[in-house]
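Both of the next two complexes hold chain A, though its partner changes from chain B to chain C.
The block that comes next holds the complex of A and B.
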């Protein structure tokens, strides 16, 4: 009791219902990032400290050959070359990552749908090498794949049409878009994407990562300014770096920080010469995959209009997953899609295909690096995108698309509410289908992953360096393909494992939801 | 008692004050004055060296006009539209032509076996993988393809990327960081250039296929190293070359490169996009062509979009080198994995290549045939070695400006299209290429 009061001062719950731009939002914007409890932070640091000490000890033993060394070694003839890797670069990999390596890279051998089959792997030398026992773990509930609308399936209209196209067109294209790789299918798909988003034209590429890294350099160059969010994805950072412009970072989703940077930039111009900037580009993402937060789009657009900057929106996770019609974060907030200058997204997550798209195109058709040098997309993949997009838009005559979008929204809200009630710390916006659950301590990362797998649930755990060092987390990706039974089963297992590993850190007492009116169509809350 | 104790201390202090030397007192006095000054002076920020009032700031913000996001004055490019499958006969803009323009070297784009295996994989896995390799995006087909590739190339390990362009562009920055040195051929392709740019290392270009120039650069570097041995011990050095160059269609002199490697202690990265599946008795590429031990090359990278008619790319080499990319190759860790049907198609294509090594001889014969036939064309120069499957036809005499040359070449291509032969104009991004090849 006393300890609770002692640590309650570190508790902090942030609700952003009204800010100075409150009138821009047509629904309440609720995000929460509960602060790390002090005791947990201290224990986490201690945990890392102990692991580091052991790491040094093991390195010492390996160096003096007392312990067997499993790492691959340089060739004999090349021993006197400059070493390819510095020892300390790999310290983290050798000593911390190797211990829990089996939580990642788990091979699957079925459709990555709501349930999947995993190949069982065993390691006899503490994760240095893996062997496949040959057994398959069946029907593992998949909470890790990016399958928001459930289009990762091998039956159904999408798969059938993709099969047809495979037999007709083959699999490869063997040429670039500008030379001879522009099939009519590509043109059809691009027109469809443009219609889906409500923009004039769109262009598609073979890889989402490459879309960002190759097109930002085509849009901005030296003498321009890029304002990018703290937690932007690596592809955006790489694209910004390759473009050669100046990059300034503003705090995550913090509009005051962004406004300050904009004002300073326009008033003072380029550093040292004080010449005015040629262009200012604000780069944000729709949903941030590690935090689960949604960008404050109406505020960003208001700022952009006021200061005449350009906006680049990366909807990798939010396209298909947010909004009443599944059109992404633009739809979710109800803003005009013409206000966003460049919208970028990926097909991998919601459409079950592979690749990325971008709009604002005529210029890019001639200047994008990818259009000139990289091969175009594979025809069956294109077909899958066409059919799934038609399905979401409702153009194929059924209401499957609408159903799925609605199902996803319900699933998300339900899952988040239940997890909150159980007492876990969940980050992010209440409507985002990406749900990070905090684990903090390094040992619990591995333990959580393994315990969940033992109980037939596949989850994704992330630690350093993708997240700050003490904020390691497990990330759940909800899908429209998950039924209520699957969610309930997953929740009960998570609760069990949470009790086992003492993961219920939250200090919040559950309050009745004041923000949303009670809706008879939603799932009933179950008291546990 | 306390008061007298204090008094006694005070007396001591005053005594010390009187007994101290003069310079000591003056120094202390100056220090005290300096501290007082620092405490009371205002700190200043570098930004506000020019003091602007609020109104002036507002005016500046009002006046500032950015450039348009994209400039409107660019020639609009209309793509040729291809209907129907791109194989030996291709339908461009409605006309059926013989296809001399795709990189379909072994003719596997149309192969029934490849299509059937892709179909089977589609039925089993669906189309997409819905995740990066680390998070349930690794399928058993990926692992199978990696082992198959490693066995085919006789190396220890291979790693697969989902996009050909990203393969070498992610591999180079994984090993070479700021402060390292890379020696690159001038005719390197664009993806290598992007990889070099992303790595932030020091780049030194040597003339195309000119080993003396490379040796000169290496010797210069050696002299630098002698001057600064401590720095030299941590600076890694790499040579990046292509097996068969896309831009000039000739081969790099690999035996000489290997000799240089051991003499000057640099590592070799070999990019084999055009030569994989083309050169060598069994199609293993330029190392087999010259008979060099594959262990001598540190990293071989290739994309599967040319001979192996699939999509994606791979790197192969020793485990010591390749394993590092699994955690630090950006295109590998942060991007969705290759769709399983494309991986299955690649496995099937590899099997076909293994079973039937005669197709490579057939390909070489045909290349020589075409080379001889095109050699004497008036007005056009043929660039490339006889057994290269992708040849370049260049204008012998330039018309003066690049645009005029491109126009003329475009008319030639159109003329060929009329006559039912599909050629293509090699496209380059004019502003971004480092050494722009002449129009061809």
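The block that comes next holds the complex of A and C.
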């Protein structure tokens, strides 16, 4: 025990009630990213080292045909060309990802609500091929779906109205929005989205990824500057690169870094000619899904106003999930939605549909590739969005929307507090419904996924390349559809698996453990 | 850390405890994900390395310790002996 304290760094816990920007926040902004314990980091590197050695051994055997090769290779005729599969990513995929890949791509055979059914799969050749035993694992608690408000359901008003619309309009649209594919439903949905967000107009697309990657090039081009957060999503990075503007990256959620970059940009201008930039666009996300952190929106808006830059806010995970009225991170901080220049979001996570929207002007209708070339959204999906949005706004006459937003906030705070008390390292803001729990070691990634499934809980585990190589994690997504019983059962199972796999790395214990013994608190909720 | 959580796990007998310790060894070194023949290779290499370390320490450590003690006692205790020898 003593040696751990000798080896560990102190943790990093930040409360920002009165930062240098004074009274911008109407509530405490509590985020924590505990440092990796030194011993755990060393053991993780050692584990990866051992697996790399075995990876080289297997590659050697495959090359000399001692062992049969199951994975993609170049053809015989192409052996003298530039090699395709020799970089680290492919090495990693062949030798590590394949061994634990039964934790991913599990087929679901029911609606992915709070509970779901999975097809049981077995592999006899170490995950190269899978076969289905024919059994269905029933009532698996779903902690992995982005189902924040619980609208992924096959019963209820949303599903009924979507079914009616399918009867009336069919499923396929067979055209783009500019040609014949613009149904009255699309117009209705866009007006509703604009009203929901409190802006003048909005535009919707069939795919959230395409919304980002196709619209950023339409807004900025050469001679413009994009200031993008370190941990932005691939779609934002792709859109920024496609646009051809200069990209500068600031440290994650770090306002001093952003201010320094803004000042440098305005003082020095473009790289060689020193002319002023045509436009400066700050690109941030509402909730970062791998870290669970929330953007410091009031400070970003203050900086944007001071230095005359534009702000692009990607609310993929935060729309519907944050804020007292469910209007996203703008509502959560209580800032004016007109201060954010471009708000983008997706319908997949909170509304149970598919697609993305962006709030801007008529310019995009003719200049965005996604608007001009992509097929329009399918009518039942549009109807699902309309019904769920009306439900959240309370316009369908019930209070179900408000209830769900409140339930989600309560569930989030409860789940995070309990996990912290148990001693796991949890990243992110205390109000964010995305909860990453650190696993670190490569073998524990596969072991955690399998042990949780054995106990009927489905989780998502993430490793390299979505996260830095030693910081692999399990990511829980809390939903308003989870009842307190389900959360309690999930928590007791997570604690049990955490003890089995030794995952409780955290250095700090909360005060209540002094008042009540640790064991009694944990085991009184088990009901089996 | 291992002892604290082991107490919570309610092991019924020593065999279960040893199996859990072996499981922890598999997880920490990363061997858990490997195929059985790879596990055997790693275990045999590690076991033979540890066996060699134990054998070497058994054979050589007493000799080295004795030589070290002689060297240090020669430094401190040797002076009175030599002056006594000179006087005699």
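By definition in this document, the second predicted complex is superposed on the first by the 482 of 528 C-alpha atoms of A that agree within 3 Å, B and C clash if a C-alpha of one lies under 4 Å from a C-alpha of the other, contacts with A are read in each partner's own complex, and residues count from 1 in each chain.
In this section, a contact is a pair of C-beta atoms (placed from the backbone, for glycine too) under 8 Å apart; a residue touches a chain by one contact, two chains touch by 3 or more.
Predicted model only: the values in this text are computed from it and were never measured.
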item	value
When chain B and chain C are modelled together on chain A, clash or fit	fit
Chain B versus chain C as contact partner of A:96, first or second or both or neither	second
Contacts of A:347 with chain B and chain C, given as first, second, both or neither	first
Which of chain B and chain C A:107 touches, first, second, both or neither	first
Partner chain(s) touched by A:444 [first = chain B, second = chain C, both, neither]	second
Touching partner for A:308 - first (chain B), second (chain C), both, neither	first
First, second, both or neither for A:48, with chain B first and chain C second	second
Of chain B and chain C, the chain that contacts the larger number of chain A residues	B
Angle at chain A between chain B and chain C, C-alpha centres, nearest 10 degrees	110
Contacts of A:486 with chain B and chain C, given as first, second, both or neither	neither
Distance in angstrom between the closest Cα atoms of chain C and chain B, superposition on A	19
Chain A positions touched by chain B in one structure and by chain C in the second	none
Chain B residues within the chain A interface of the complex	47, 52, 57, 60-61, 64-67, 69-71, 74-77, 79-87, 90, 92, 99, 101-104, 108-110, 114-115, 118-119, 122-131, 133-140, 142-143, 162-166, 175, 189-191, 194, 197-198, 232-237, 262, 265-267, 295, 303, 305-306, 309-311, 318-321, 323-324, 326-327, 330-331, 334-336, 338-339, 341-342, 345, 422, 424-429, 432
Interface residues, chain C side, partner chain A - complex	1-2, 4-5, 8-9, 20, 23-24, 26-35, 38, 42
Contact footprint of chain B on chain A as seen in their complex	72-75, 77-78, 80-86, 93, 97, 104-113, 116, 119, 142, 144-147, 151-154, 158-159, 162-163, 166-184, 187, 206-210, 213-214, 217, 219, 233-235, 238, 241-242, 263-264, 266-268, 276-280, 307-310, 341-342, 346-349, 351-354, 360, 362-367, 369-370, 372-375, 377-381, 384, 458, 460
Interfacial residue positions of chain A with respect to chain C in the complex	1, 4, 43, 46-48, 50-51, 54, 57, 96, 99-100, 126, 441-444, 446-447, 499-502, 504, 519
